[in-house]
Amino acid sequence: MRVDGRKPLQLRPIHMETNYLIHPEGSVLISVGNTKVICTASIEDRVPPFMRGEGKGWITAEYSMLPRATETRNIRESSKGKVSGRTMEIQRLIGRALRAVVDLEALGERTVWIDCDVIQADGGTRTASITGAFVAMTLALNGLVEKKALTKFPIIDYLAATSVGILEDGQTVLDLNYAEDSTAAVDMNVVMTGSGEFVELQGTGEEATFSYDQLQGLLNAAQEGLMELFEKQKEALGDEIVKKIELSRNNT
Amino acid sequence: MRVDGRKPLQLRPIHMETNYLIHPEGSVLISVGNTKVICTASIEDRVPPFMRGEGKGWITAEYSMLPRATETRNIRESSKGKVSGRTMEIQRLIGRALRAVVDLEALGERTVWIDCDVIQADGGTRTASITGAFVAMTLALNGLVEKKALTKFPIIDYLAATSVGILEDGQTVLDLNYAEDSTAAVDMNVVMTGSGEFVELQGTGEEATFSYDQLQGLLNAAQEGLMELFEKQKEALGDEIVKKIELSRNNT
Amino acid sequence: MRVDGRKPLQLRPIHMETNYLIHPEGSVLISVGNTKVICTASIEDRVPPFMRGEGKGWITAEYSMLPRATETRNIRESSKGKVSGRTMEIQRLIGRALRAVVDLEALGERTVWIDCDVIQADGGTRTASITGAFVAMTLALNGLVEKKALTKFPIIDYLAATSVGILEDGQTVLDLNYAEDSTAAVDMNVVMTGSGEFVELQGTGEEATFSYDQLQGLLNAAQEGLMELFEKQKEALGDEIVKKIELSRNNT
Amino acid sequence: MRVDGRKPLQLRPIHMETNYLIHPEGSVLISVGNTKVICTASIEDRVPPFMRGEGKGWITAEYSMLPRATETRNIRESSKGKVSGRTMEIQRLIGRALRAVVDLEALGERTVWIDCDVIQADGGTRTASITGAFVAMTLALNGLVEKKALTKFPIIDYLAATSVGILEDGQTVLDLNYAEDSTAAVDMNVVMTGSGEFVELQGTGEEATFSYDQLQGLLNAAQEGLMELFEKQKEALGDEIVKKIELSRNNT
Amino acid sequence: MRVDGRKPLQLRPIHMETNYLIHPEGSVLISVGNTKVICTASIEDRVPPFMRGEGKGWITAEYSMLPRATETRNIRESSKGKVSGRTMEIQRLIGRALRAVVDLEALGERTVWIDCDVIQADGGTRTASITGAFVAMTLALNGLVEKKALTKFPIIDYLAATSVGILEDGQTVLDLNYAEDSTAAVDMNVVMTGSGEFVELQGTGEEATFSYDQLQGLLNAAQEGLMELFEKQKEALGDEIVKKIELSRNNT
Amino acid sequence: MRVDGRKPLQLRPIHMETNYLIHPEGSVLISVGNTKVICTASIEDRVPPFMRGEGKGWITAEYSMLPRATETRNIRESSKGKVSGRTMEIQRLIGRALRAVVDLEALGERTVWIDCDVIQADGGTRTASITGAFVAMTLALNGLVEKKALTKFPIIDYLAATSVGILEDGQTVLDLNYAEDSTAAVDMNVVMTGSGEFVELQGTGEEATFSYDQLQGLLNAAQEGLMELFEKQKEALGDEIVKKIELSRNNT
């Protein structure tokens, strides 16, 4: 039994409130247990300078936490005048992951800006951000298709992320909360497509290491959780969009 | 009739969800029409260097908008590496206003950090922030009283804010939404205590001016709206805290 | 009697030395008692990007203090690498106020850069800056008219500012010096046109409040002082320019 | 055959010049093919504020490239005034990896500053940095032991890193050079201890994905290269230090 | 004959208005032709961290230009968020030069902050700053002596600076104005003590060079101008202080 | 006898390894005793905005030290987020000096970026940088001539730099190492062309001064050392390039 009563390979309760905000082209408020993230997708009709003229789109992400998303107040990065290394790592990861399931040529010379703002944190904010950002992005791009601004549905597969880890007592667990994450010996984030292919794998032993066999256990745990997350995404997106993704996946 | 069907001196619907987040000592999600702000209050057990040893507390505020709180996406201030003049003006205003209704000596050498994060904007974000921040701060300070960390309830009066303005057609209106605010000839923010005293008055004619008589009309409109806001705050805070504030007001 | 021997509604001695510097298109050294500000106006033959193609001009202001304008030395904002919230508030106020008395269409696609550099401070630096900046700007724009770069005189009214306040002892006073300002219960800055219309009204109770009746007393005091300031501006500008402003005011 | 004539699972030539500089406590110039990095280790007799009083040491790393380490000149991060996300990711990785093989309690309240400065880049600069930094750090800490400043040899195992990837044609390769890295479908960095335990695993598909089976192939390739790197480290460190590490490893 | 009618080795008219401002411990408004600089000296009763406990004082300088000191408006360094290389060079030079004529031990653990703010520029702003700063500093330190805060008069000699140069036509000239400076082949700044010793010599050929013989001509021209500047400083400081400096010089 | 056994007017051993790196158009690793600097020259086919359309080239330099080039570790300027005044002074000096011996018109609208990265410091890093940068730049520009991108060889003379100084005991010495430099009474950097003309002369007495006679002694010492440095540069560049420089010098 884990600190919050879950079984080792049990996810926390997931909830996604789509179209949570009125202004963005796509938005979702995702909750993974007590972790809550507002994910929005904004469409801009041009790409960054280094990509102009290639006929392809771009997806980029920004991540932030409200100062009191955490147990003690964090200083705002705008007050510090610079973005931390942790924030940069996370936003690069989110953007890279999302680009793996989008047909950037079908998107045309557009940028999708993803914003993930953590309003409450209890571990797993980066994986919740990816899972939610996929939904927000899909809603925004589906809007472009419905407005006939795109001729081809550009999402080619589902994308979700979760964490797995090895606790101090050696137990392999799925979807670590903050209490678990801060004492775990090994922490691994796994980003996967709906077809079960890896997009990102980041395993870290902080003052610890892990063996080849432990790695296999972690990968299996992650896969189990991810299959459940894909189901939640399908519910949130609705049948019509699910059909479009399936069709797109088969044609790729 | 106004653009959203309201009468000239009618507020938008107000809603406050108290204790919206689990970590902060006080928090509220305030909605004023489509404007939504997460207000939190955090207690720190020391004051800034310039106040040490005076036996008094301090209240300071930070204000920010999510990038997609607005119709077009704003660049994050953390990415720009600096806070805009508008943001600074607003956060100075919020802090100054709240300090007017707190007995800083009763607070002792503590800092109350107020964070107002706009998650959706439709005009009046600074006045909604003040109205919500008062509630979050009161919840946090009441918590200190309940924990016996404070011997005296330090809130000495209610505090709320609203905007009034003169539209292009010369009409005086209460609680401007974004469409009205961006075309108004005159815009005035009024911060008032529950006893009807002014705390801040900021009237601005952007490429326009206003007469002494127009000023009186604006002040009357503001007062009417503020009385309604104080009632909403009382509902949100609940009878027990309302009694403490009344008692504290009578003793000041 | 006040700390410096003045009556409650008496201004400090005012002096303006026009064309104080050789390089700027318009300049003045304004003294209000011991407060001394160099105000310059610079003409640039283009507007900021967000205004291009609209056929209108723009007026923007910057404000700064020499490090030793004050009793104790201030750290330069260039050394700190950022501009303080107070500075931003003041420069936004100066720009906004000046724009209220200029026909921006008559100005054409030009920017007037106003620089207010306080070389000695004794309270009221922002109001002295506005009063002086109006004179510097008028000299610069008159120069454009004389060079036939402008066909219409673009100043449509006088503009001046002063402060009023309520001292600790409850007395309402005009034109506060630093000693008064730093202990006043209420401080209000009033920007007005030569026709007696308000442009800006900023009243603040720092850890204090003010009633409706006190507000009326403050407004009356301000108006009295402003009438005297307009006379000083007329003397500084000279008969020829005064005639142009009167003519322009009657035609608006 | 690969672009530079190597076999798929062949490392580039490795060279390490120990004690390359006169000032640092430990230093090495490591070459991996054309990639050249100066790694230094500096000892500071205190730890960062967040660790004081715990009786443990800390290891932190900084990474940079000379502007002309690359084919086209890069703008210096000092000129840009900020460190890029890529740099932050790499320096966090280096520090975390090294901490996994050091007994931080044996180190006492000291900080080891690792500096990895790439003077010539041809792919794999972060893995060469880790492999070289381990050697520089070991030399510096051995110096402390020789000076009797430490009573226990604090290195508990070897540490090296290499990259593996899947090229566009589907081939799995070891130790990618820049030409390979910039076109690879999948890129994975593996950090391992001399005992064959994983410390870090970072696999990324940029606009691509990889299957469970491909992952196993990548891991095997990495392990083969890492065994060779540990041999090179032993040669560079010399018999005496090798004996100390073996002893330390057996006692852990 | 030069562009402004001067002879080759003739200084521009010099004027110094001492005690120009009310707040600083020492201040002067120096004019060298059309170049005008406000120089102030502020005393702080401690030294920077790197000097604490040595029983010696420190002198440091800051230099800035008002935006419209020049013919076209300069962007403020506070707006740019950083100080230019030119500004840094100048302020390092001013501080270093002044330290050469002060007995830092006699000063005790105090810092003298020198601020040189150019309000009008026409060439030679750095040399005018040094000449004026010496006077402001001397007034401030004499104040400390008069208040008996110092037992020994700490100024050990006069200090002044001027520029010399070689014009495009090969002529050696003294005290270049902006028109001359911007086209000169060689530009040299010379800082000298009242005893005729060099403190700083900075000769620069911008896209030009100069011979050993030309150097001797430049040095002679500088010396002639400097002798005149020392006389102006004596007049500005007055007999009483002049006597103290002479006494101090003889005792060193 | 000096601290390292040299005679007063003896240079330290000089070594230059040309084409030290594979990517830059020109590069050299210069050693002057224990001071080691990597100098590179990069060609960009355009000039900065302020020079466009003039048909002339530009040369600009950047200078930096590795954190552990010195006895105690320096904080990186990229971490501090700003470049120090010392660094700015040095890089402005290097660029200005090199421009004195290049025919910028023959260079055409190109920029030469010089990077001087000190990997080990023992005094004289700025003069070693200039001496090495000249060689790197010459190699890069000769490459342009060989590729027929330039029709005229644009180097018009040799350029080298050294330091001279007066030690505490009054002795005049050449090429100060760090131990000498940090205690010298007077320090002077001299940049000279192969024809014996001065390009830059920067003499500084830190809390000391120097007489006219001492200056002559310093200049003679510098000249002696510089003649030796030109011979080293000729050896490093090789006969073919030496001939081109001689030819170019005779034609100027």
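Side notes on the structure shown:
In order of appearance the chains are A, B, C, D, E and F, and numbering begins at 1 in each one.
Keep in mind that, in the parts below, a residue touches a chain if its C-beta (ideal position, glycine included) is under 8 Å from a C-beta of that chain, and two chains touch if they have at least 3 such contacts.
Just so it is clear, the model here is predicted, and its values are computed rather than measured.
Common neighbours of subunit B and subunit C under the contact definition above are absent.
Considering the contact criterion stated above, no chain is in touch with subunit A and with subunit D alike. Path length between subunit C and subunit E in the touching-chain graph (shortest route): 1. Comparing mean CA positions across the assembly, the chain most remote from subunit F is B.
Mean C-alpha positions place subunit C and subunit F at a centre distance of 52 Å. Subunit E and subunit F have Cα centroids separated by 29 Å. Shown for subunit A are the residues that touch two or more other chains, namely 81-83.
One ring covers every chain here, and the order obtained by setting off from subunit A toward subunit B is A, B, C, E, F, D. Taken in their complex, subunit D has these residues touching subunit F: 21-24, 27, 34, 38, 40, 42, 44, 62, 64, 66-71, 73, 76-83, 87, 113, 115, 117, 119-120. Against subunit D, in their complex, subunit A makes its touches with residues 82-86, 88-89, 91-92, 96, 99-100, 104, 188, 193, 195-212, 215, 219.
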